[in-house]
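Have a look at this one before I ask anything.
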Amino acid sequence: MSKIFEYVWLIPVLPLAGFLINGLGRKSLSRTLSGFIGTAVILASFIISLFIFFEVKEHGGQNVQLFNFIDVAGLHIDFAFKLDALSSLFLLIITGIGSLIHLYSTAYMHDEAPKDFAKYFSYLNLFIFSMLLLVMGSNFVIMFMGWEGVGLCSYLLIGFWFKNNSYNKAANKAFIMNRIGDLGFLLALFWLIAKVHSVDFDVVFSEAALKSLSTTDITGITLLLFLGATGKSAQIPLYTWLPDAMAGPTPVSALIHAATMVTAGIYMIARSNLLFSLAPYTQGVITVIGLATALLAASIATRQNDIKKVLAYSTVSQLGFMFLALGTGNYIAAVFHVLTHAFFKALMFLGSGSVIHAMGGEQDIRKMGGLHKHMKITSITFLIGCLAISGIPMFSGFFSKDQILLGVFEKNGGMIYGVALFAALLTAYYMFRLYFTTFTGSFRGTDEQQHHLHESPAAMTVPLIILAVLSIIGGYVGIPESLGGHHELAAFLSPVVKPMIVAEPTTFRIEYLLIGLSTCLIIVSVLLAWVYFRFRKFDQEPTGFAKVLQEKWYVDEIYDAVIVKPLGAISRFFNNVIEKKGIDGFVNGIGKAVNYGSRQMRLLQSGSVGSYVLMMVLGILVLLIVQLFYKG
Amino acid sequence: MNAIIITAVWGIVMMFSGVFIKSKTMPKYLAIAGLLLAFVLNCSEQVSEKVLFEIDPHGMFEFSAFGYMFNNIAFICTLLFFLLNGRDIEKVGSNVSEYFALLFFILCGVSIATSFSNLLMLFISIEIMSIPLYILTGSDKRNLKSNEAALKYFLMGVFSTGIMLMGIAFIYGGNANASFSISQINFGSTGGIPVLLAIGMVLLFIAMCFKVSAAPFHFWVPDVYDGAPTVFTSFMATIVKTAAFVAFIRLFKTSFGSGSVQPQWQLLVVIVTVATLLFGNITAVFQQSVKRMLAYSSIAQAGFMLFALFAVSEQGTNRSSMAYEAVLIYSAAYCLAGIGIFAILIRMNDYTVDGFNGLAKKQPLLAVTALIFLLSLTGIPLTAGFTGKFYMLMAAMHNGHFIWLIILAVLCTAVSAYYYFRIIQAMFFKAPSETAIQVQDITFSFKLLLAITSLLIILVGLFPELLLQWLFR
Amino acid sequence: MNLSEHITFPHLLICIPLIAGLMVFFAGKDSVAKACALLAALLTLAVSISSLFYKDNANLNGTAYTYEWLKYLGSSFSVTLDGMGRLLTFLTAVAFPVIFIATYKNTYKSANAFYGLMLLTQAGLMGVFTANDAMLFYFFWELALVPVYFLCSRWGGERRIQATFKFFVYTFAGSLLMLTGIIFIYLHTSPTTNLAHEIVSDHSFSWQAFASARLEASDQNWLFWLFFIAFAIKMPIFPFHTWQPDAYEQSPAPATMVLSGIMVKMGLFGVIKWLLPVLPLASAKYSSIAIVLSVTGMIYASCIAIVQDSLKRLVAYSSIAHIGLMCAAVFSKSEIGMQGVMVQMFNHGINIIGLWIVIELIEKQLGVKKISELGGVAHKAPVLTILLVIIALANIALPLTNAFVGEFMMFTGLYHFNGWITAIAGLSIILAAVYTLNMIKNVFLGEANPVTSMIKDISLNEKLILIVVVLFIFVIGVYPQPMLDMAKDTVKVIMSKW
Amino acid sequence: MNVTQILFWFLSLLAVGSAIMVIVNRNPVHSILWLIVVFFAISGHYVLLNAQFLAVVNIIVYAGAIMVLFLFVVMLMNLNAASEPPMKNNLMRAAAIVSGLALMLVIIAAVKNSEQVNLQQQVASGGSAGLIKELGRLLFTKYVIPFEISSVLFLSAMIGAVVIAKKDESIVADA
Amino acid sequence: MEIKWYIGLAVALFCIGIVGVLTRRNAIIIFMCMELMLNAVNLLLVAFSKMHALANAAAPQIAGDAQIFVFFIMVVAAAEVSVGLAIIVMLYRNTHSVDVNFLNRLKN
């Protein structure tokens, strides 16, 4: 065992320490100090993670046992970490992007009071801690701890500005939606424990491989796990919380709601790829859900006017692509897309943060325009992000998305591929719609805003630049063989993640054809956006289908009518009718009945001797008859 | 035998003391002395089996540990009663020594009731207990309620005597042994009950039900208890009633057959028990006057005591010793608590529940002792009342027959909490009314005695076997 | 005679509060009463903690004691500290000092009576959790009830008399039913023998005798309901729960804490120790009904909690939901579930007491009970808010808090019984999040209104207490194993009898 | 039909008839007189049954002493048909008669139905048990204790009469 | 004469007494009806004693028990009468009525 693994516990503990220091000392710490502590602990974790990464790369993974969490008859759960290719890669993404965003935040959140500033960093650190727990856990329970922990931090950070009640509502919505998914996750765990008496990844997967789980079990478990993933990774039907989650500070959106937390579902499924590969039915479901989510979110994104909402729907859509990849069994492509998406989406969120910062909090792109003149670094890095996400060749997104589409084509054929491609085209269209409306043309905001426009400070631009670079080169770890690469990522992940198995691999020729086709179409979409939105004035409300899109297909309203309202009605019915009138009424009714009986019975006590004697005689009669004539 | 003689003689002594002693307080002390004497002699007879006068009872009596124990309980409770309520007896009217004489005669009747073994003695003991009570009930001559109660009690009492005698006559007629001895009743060999015996026993049963105030023969109870001077209600509702019960169970055990005959009475017992439990408990709920409520509650308590009969009527294993134990403990518990709560009630100015409002603030000790008495009547653990109920249920329950009856009984106990706790609520949780004096004549010795009574209740509640030890000797 | 043989941990746990309680009654000054009560509670806590470390299983000296009490009946004053007993006496011992300190600033009229009754309640609870004799168990069962009744009725809210009386009669009726059952079982036990193997009495009240009573299946069937209803009322389980919200709402804060934190555990304790091993056949037969009732109650109570506008009622209903899960897990007949119940009994006690402390603080300061009249408390009282959020989240079983451990294991146990039931029960996880978060949102977050802007943040002693609570939450949440080990022996015994 | 039987029927009819007259007569004095007739008839039965002592005692104690006492009280209160309270209302009266008859029918039916009772058991005259000598011996041997104890009864009755009947200083009306 | 006739006669007298108790409102008459009931009992006892005496021809003095019983019933009845009439007189002095229907201060 390499020495470095002995220190692995430091990776989560450092952010935890940061959380505690910032949280407990929030009243006494200055902004600089808390910002420094918050960032430094993550950076330290990142450095250790780097060592781990290279260690894993050289010598393979390792399990690190800390202590017994639960040890009772029939169930043994270790508090242990699993460090292998997959988790070490995620460690890097989390701590790496995490440190950048921490750095960015020191500037972005500078207007907050020192107390709130420290609170912000403590939450952020707590989030990193939870996320690390999620990816490092060596069994489903530890993973679940992180899983719920990130949900909690997401809740706390969305509601960071808790004076605003709509933010609080968004926070609640996020948490509750996540909890619905979590229930699925939990049920899967119970099912697992009932069947294999363990939640340890190694045990579960080997048991599954040994066929000690029936097909029903595996399908059920994987479907439930996938339900958990839809919650955390914002898939149909549980995606609606993510756009609302944009209520939180922008760096939070970048870190949690784009780069890391929302990819937890993909991580979990990739981690359990052995299990999911055994459940073709579940894979079919995942494919459909992923594709539908990608398409739906993309369609909504084309008509959103809030800069962060567009990015949010784009995230949902991209997550859909990842699930599409998972559904086709192309786990490596999914993880690859997680990696590249983390770079460019974080970049774009941070860029949008920079824009919002400059606009003094304004988020409506209809009030922007021509910002390129004022904030060149932001604009250029944002453009790089857009190019990457659209899948323009040579940018990172191109490689990952292309592999996903190829996998779809190989597994599900042309039709599905066509739909997926259409979603990809929509991506390019709305991203450039966003870019053109924001950065080109003329400014549409107020004069005061215009006067205030400025490039952001270095603490914000440096992360942008780093991320922009990563967005460009990030794809080169996974150049497919058709393009002359070796797909380093696939090789690295191979001990953990099975590569996609296809009966008849497509030839390179068809691959080239597909790449060419998609690239051409994407460029056409970009041009379309350019034509439409370069000088667009937003002076009329959309109608018809556009309206439906702008109103997000009315999904929120439907949920409200189908779930929230009935739940309230049922609750009130329980409370007012069953509880008060029914059960309590019954209980009190007994009391009332006794009282009533008392009032009636005492009338027998009429005060007259005659009636008393008559009662006695009747009593004598009854008892005599019973004794003498009743033969029971 | 000692108990019977001493109480009778002391009754006469008390009677004459009225002639020679003019002091109004003196008879009380004399009575206490007599009671102590009776207690000591009864104990010594129980321990050494020595009697003052060697008399051949000719089969009229049969003394048993059970009877002695009950006498002891009755004497101790009466002692407490005299100590607590002596002054109140003096207040009832001008014939103080006569009241004490009558009380002693009643005790004589009680002593006979615990040891009779002949229907004639049963009849005489019941009458000796009843006739003085008619008088005591009417002793508050200026009070029309007292007059009314006395007449009602008298008329109904004589009526029930008629029923009882008719029953005895039929039993005699149906008894091939031609005897009045309770242990020599010949049921023949058919396994059934001869009709004449059956008629007689039902009638006798009903008359005894009347005396222990079992429904539907209880109607005299609320009116009489309500109308009688409270101090005598206390005596009548506790000691006399339990004594009648002891007589009842003695009779039921010995002369209502044995073996397979006994269970044939079970249905009768069940009907009466159910009626009594329901009637007593439910009617008590609505009462506003505490005195009347206690009257109804005494019916309810009788319902619980009827389980002893039920236990006796169970076939198979020997339930009767258990039933006797249960009756003893229940009687002790009920008498102590009853005397205690009545003693407090007597000193209240207002007999309604509202009269108790805020007593805890003004007289904490009184309220706490009242609390213990009421808890005991309800049957909360740590008090004798619980132990009594516990033994009673234990005696009654053996093989799950009529389990619904027992469940009904415990549910009725829950109902009883309703009316007993109304007083507790008034005492502890309601504000006292500003007007006038709530209680009167609260002396230190009164409080001390109340405390002793409550301690006795708790002692019996914790260590009931101290009482029973005599039986197991 | 060796004195140490007669002074054992259970003795001390019962006697210290008992004697102190009786003494406090006669304390002249309120402050003296308060201080004495606190001192006694701390002393009990010390004894309880040392009992946790006293694990000499081979030799039961120090943890078990038997004194012949009712010889002819075969009942003895028999007390033991088994695993579950340790756990619950520890909970009781922790809870009382916590309650006393948290409410130390409150002044109660005739404080001597108040604190005396509190300590008597503690003694009763300790007795229930250590009794090894059915008669004794019933004794303490009622003894714990009566002082609480007085506490609630005397010092409670404006509708206190009716509300607590309903509670009293309800519980009393239940326990009388249980008494009937106890007597019946007693009459079917084997004879008690003394050390020389002579028969002392025909039957016995000891737990061992009860657990090996010769009961027909048909008798067990109706006996089960007698016991179950008694315990279900105490817990409370749907539909026997309607006394609870009223009682919690109307009781004074310390009594509410005792009621919800510890007394409801009496019901669970009763089921585990006095129902399952004694009536195994019927328990197996009716477990599904019990579970369905419990799960129905979980969903039902959670739904009602969503629409409550009173903080106290909200917590009351949430408690019904949580207890429902525990009850369901108890009946699921799985060792994991049972283990989960063991820790969860402790955790739920700690968590809900913490919640009540916060609610009491808010209500005491603002005099407002309705959620709709609150809001924005976090501005003026951030520490309070943070602590509450932690406790509330622990209450909805967030991982790394104590309740997660318990609930996870309980659900696992329940899953062994039936997957679909588990899924339905699981809905309560979501509903719990809904009402808890709504409560946090409406009370603590948002803009402050004129009422809530008056609030002050918590003072040192309250902070201290809540931090203790939070420490319990995290320590058990992260490292529950010692807690699990503690009750292992009881679980083994119970599962083997069932 | 021999003489005994004729006497039996005569006395029985006399007793029942007079008893009915007791309860239907509105004048209390007449009721008392009819009751005395019943007692005489019963004494006649006692003679038929060879219970001579009881027959005499019945006349002396009941018909003589007790009934005179009643008569005395009625006279004292000056009760007559005019001051007599009316019978209870019809419903109550009907209920009373029905239940009384029902009770009689139940007992008689029960007795009649059973084969265990030898209803033909003869009750003839003869024997000396009812003579005062036999009873006296019994009373002072076997029944000496009840005899003594019944003195307690009389004492209490005496005290009772004193306590209750002694006129008090003042009489308050309805309290 | 057969015993059944005596039973019939006694029961009839007894029930007439009961009917009287139930129908009359004058306390004295009610009391008298009760005396009638007691007399019915006495008659029945004597008849039974005779029956037993004849059944046990060997020991005819067995009949004495019941006759002594009757004697005691008379004794007790006498005592009751003195007390009962005293109570009635007391009530009459207070209310100037012997009507039991006026006795309804105590009820419910």
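By letter and in written order, the chains are A, B, C, D and E; residue numbering begins at 1 in each of them.
One rule holds in what follows: a residue touches a chain if its C-beta (ideal position, glycine included) is under 8 Å from a C-beta of that chain, and two chains touch if they have at least 3 such contacts.
Since the structure is predicted, the reported quantities are computational estimates derived from the model, not experimental observations.
Enquirer: Stepping chain to touching chain, what's the minimum from chain B to chain D?
Expert: Counted as steps through touching chains, the separation is 1.
Enquirer: From chain B, what is the lowest number of touch steps before chain E is reached?
Expert: The least step count works out to 1.
Enquirer: Report back the single chain whose CA centre is most distant from the CA centre of chain D.
Expert: The most remote chain is A.
Enquirer: Average the C-alpha coordinates of each chain, average all protein C-alpha coordinates together, and give the chain whose average is closest to the overall one.
Expert: Chain closest to the assembly's C-alpha mean: C.
Enquirer: For this structure, I'd like the pair of chains sharing the most C-beta contacts.
Expert: Chains D-E share more contact pairs than any other pair.
Enquirer: Please indicate which chain is farthest from chain B, where distance is taken between mean Cα coordinates of the chains.
Expert: Between chain B and every other chain, the largest centroid distance is to A.
Enquirer: At what distance in angstrom does the C-alpha mean of chain E lie from that of chain D?
Expert: Their C-alpha centroids are separated by 5 Å.
Enquirer: From the mean C-alpha coordinate of chain A to that of chain C, what's the distance rounded to whole Å?
Expert: 38
Enquirer: With centres defined as the mean C-alpha position, give me the chain C-chain E separation in Å.
Expert: Centre separation, chain C to chain E: 65 Å.
Enquirer: Using the average of all C-alpha atoms in each chain as its centre, how far is it in Å between chain A and chain E?
Expert: 97
Enquirer: Using the touch definition from the top, which residues of chain B touch two or more other chains?
Expert: Within chain B, the residues that touch at least two other chains are 120, 124, 127, 131, 134-135, 138, 141-142, 144-145, 150-152, 155, 159, 195, 198-199, 222-223, 418.
Enquirer: At least two partner chains per residue is the criterion; list those residues in chain C.
Expert: Where chain C is concerned, no single residue meets two or more other chains.
Enquirer: Spell out, as numbers or ranges, the residues of chain A touching 2 or more other chains.
Expert: Those would be 591, 602, 605, 607, 609-611, 613-614, 617-618, 620, 624, 628.
Enquirer: Pairs of chains that touch, anyone?
Expert: A-B, A-C, A-D, A-E, B-C, B-D, B-E, D-E
Enquirer: Which part of chain C faces chain B closely enough to touch in the complex?
Expert: Residues 69-73, 138-139, 141-143, 146, 150, 153-154, 160-161, 165, 168-169, 172-173, 176-177, 179-180, 183-184, 186-187, 219, 222, 226 of chain C touch chain B in their complex.
Enquirer: Considering the complex alone, what residue numbers of chain D touch chain B?
Expert: Those in contact with chain B are residues 107, 110-111, 113-114, 116-117, 141-146, 149-150, 152-153, 155-157, 159-160, 162-164, 166, 168, 170-175.
Enquirer: Once bound in the complex, which stretches of chain A touch chain C?
Expert: It comes out as residues 67-75, 79, 141, 144-145, 147-149, 152, 155, 159, 162-165, 168-169, 171-172, 175-176, 179-180, 182-183, 186-187, 189-191, 193-194, 567-568, 570-572, 574-575, 578-579, 583-584, 587-588, 591.
Enquirer: Where on chain A is chain B touching in the complex?
Expert: Touching chain B: residues 591, 594-595, 597-599, 601-602, 604-605, 607, 609, 611-613, 615-616, 618-620, 622-624, 626-628, 630, 632 of chain A.
Enquirer: Which stretch or stretches of chain D touch chain A in the complex?
Expert: Against chain A, chain D makes touches at 88, 92, 95-96, 99-100, 102-103, 106-107, 110.
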